[in-house]
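Worksheet: the structure to be examined is printed underneath.
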């Protein structure tokens, strides 16, 4: 069985996928419809119908974003998990400290998002997804990087892969490289999976659209 | 009687103010609460309580943004009015073609918003609010400017003031200068009044939050 | 008879060309050789041999840059002429106030050069070469532009052409558009004719190389 | 005995100083006068008279820039020394791979200088002067940085200091931090010692002025 997230991006491996059945209100009441409409209008991408609320049965099926696998955390006193953050939107920024596009654009953009939305319930999570130059981008080097670039949002080190240079969370999400910015919705699904440079205005809009979505509870 | 918009900015003259009584759904249903919450969290500014829905009476009072006064339009086959746009969010960008901060930042940002949100129902409106160098910033000069800078959103020339260098719409909104970017909500009220340089991420967020608000009808 | 300047750019019309015979020192002593060498190494372009010093006869022939034709001056109490500036390097910046590449890059770069080299004997001259939108880019509009963009170097309005939209100096130099930055050497010849965006580092280098050239007197 | 370079910057330790006596031509012929004049006009800084040619005796004393101490080289098949480069201008760029001002500005600027002046006899030398986060900025990490940022100019690792975090070359030059860009003249002396962000135009000018200086031989 193969799955795509709502943005049409394949999700790597079936075993990382969890489907939850939501007892949802009518679409108009969930706010999901408004959000999907903004997402479609911003990106021109299809939101998978099969994952939309089934208006007849009033049930909704959600493909959950894969859980994080993190070996070390910075800027947070306790580990973060997506399951623990359910109900809040999560901006997940995957980067490497020696990736020029991350350093010049993606990572400072994530810091801006952290500061701009700090009074909302958005959770910003950085993820150091080292898939090359492993001997250079060690945790001690990352710590110096975080210090020098004055990054204050929580940052996890993606757990090393077994028999592959690709770390675990990166694999689970089928990320194509760095920087990658992923927005996980209040319902735990992937709302946006963006590889490469994202515009500030579009990112701000996608986050705000998700913040505007109402919370709903799993059955 | 003095009025402030929801952003706490004084609205110039009482005669430009219209108050409408809205038969509104409960706050949770209007989406207004979600939007106000995002706005507050982004800006740290107070949203005037007196303009919030009165949950008891289910009535809501809205101070409408002043109507536009435009002597000439570019990039639109027919004149635009806020009353005709009611129900849609409107991004109103006031600029002058010889204002460096507009040319370098505000005006291209507005063009980006026009392109990013083009599939939504946001209406972008430029307003050439000439309050200095009137002999230099004539309509024929503006036309050349629009051509050279490849601006494609509708742009109106703010109607000349009488006995004052400040044009009429600029007066009605109590604008402090250019660039000024104002977001008018679906309900016709001023959601955001920003003088000077606005960040792309915050502007994208405020627009998306308003797009997510549900429409409601006047009584 | 056709002429090219040392940068290999054709000079428009033969009647605008003046050839002077210089009684020059040997090439090593004039500094011209050093300058030509830097210019060649920076641009990879040939410096015309026919314009180089004739080491045997100790005579040197120079094609003079065409004289300016200016109808109005700003930022200078008296008109500037290339003949009056002979012996000093001249940075001639041709622009239009509604040319985006000028406003964003070329014109502020020229202001930077004016400030950086202000204690040297470089003369910076702006030239408003209006070849389109003539009704928009009038002298009064230019004056407002100069004020708003805080330009402090001398700026002349290129004299209107007869029976052509191209103004006179622009024609004489065979300029292809705006922005164009031309460096005229101490000997009155065109050292560099650059159309479009010039890098700051290369421009600084070309100017400094010319400043380092020794003065020599016409016979 | 204390020494300052021509830019007025103290040179750290006396034992690193070598004074050479030059049999120089008259100042006009050396080109040094022209260069000093450009330098003064660009920087407004005094060029030390005591290091200028003594016009009477026709002798000139030069304080040589301290020699490099490098433990490992990248992008060059053999080690570089200032003594081996005598007669050629040298742009020495001291940086750290985790210094944000280096990564965003100084290091790409040095790469631009390397490319712009590649046909001249300027030698560009990078120097990795690690004075903090030593465990993060190892040679293997630097190698990854050089690869990712596509740096192609020769880069040396400044030799570790003994009993101090400051590496040896950094000490010898009395550098205050990174980025630092130093221009060493054809005569081996320090022409410019710039700590922090240097403008492209000024750097291009200072380099070109030095390139224009004539070579002269030690007695």
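Per-chain numbering from 1; labels A, B, C and D assigned in written order.
Criterion: a residue touches a chain if its C-beta (ideal position, glycine included) is under 8 Å from a C-beta of that chain, and two chains touch if they have at least 3 such contacts.
The model shown is predicted, which means the values in this text are computed figures rather than measured ones.
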- Taking mean CA positions as centres, which chain lies farthest from chain A? C
- Taking all residue numbers at the chain A to chain B contact, is the shared part over half or under half, that is, same or different? same
- Item | Separation of chain A from chain C, taking each centre as the mean of its C-alpha atoms, in whole Å | 55
- Query: Hey, how far is the Cα centre of chain A from the one of chain B, in Å?
  - Reply: 32
- Task: With chain centres taken as the means of their Cα atoms, state the distance from chain B to chain C in Å.
- Result: 46
- Got a list of which chains touch which? A-B, A-D, B-C, C-D
- Where on chain D is chain C touching in the complex? 28-29, 31, 34-35, 37-38, 40-42, 44, 109, 112-113, 116-120, 199-209, 211-214
- Query: What part of chain A is in contact with chain D in the complex they form?
  - Reply: 98-100, 103-104, 132-133, 135-138, 140-141, 143-145, 147-149
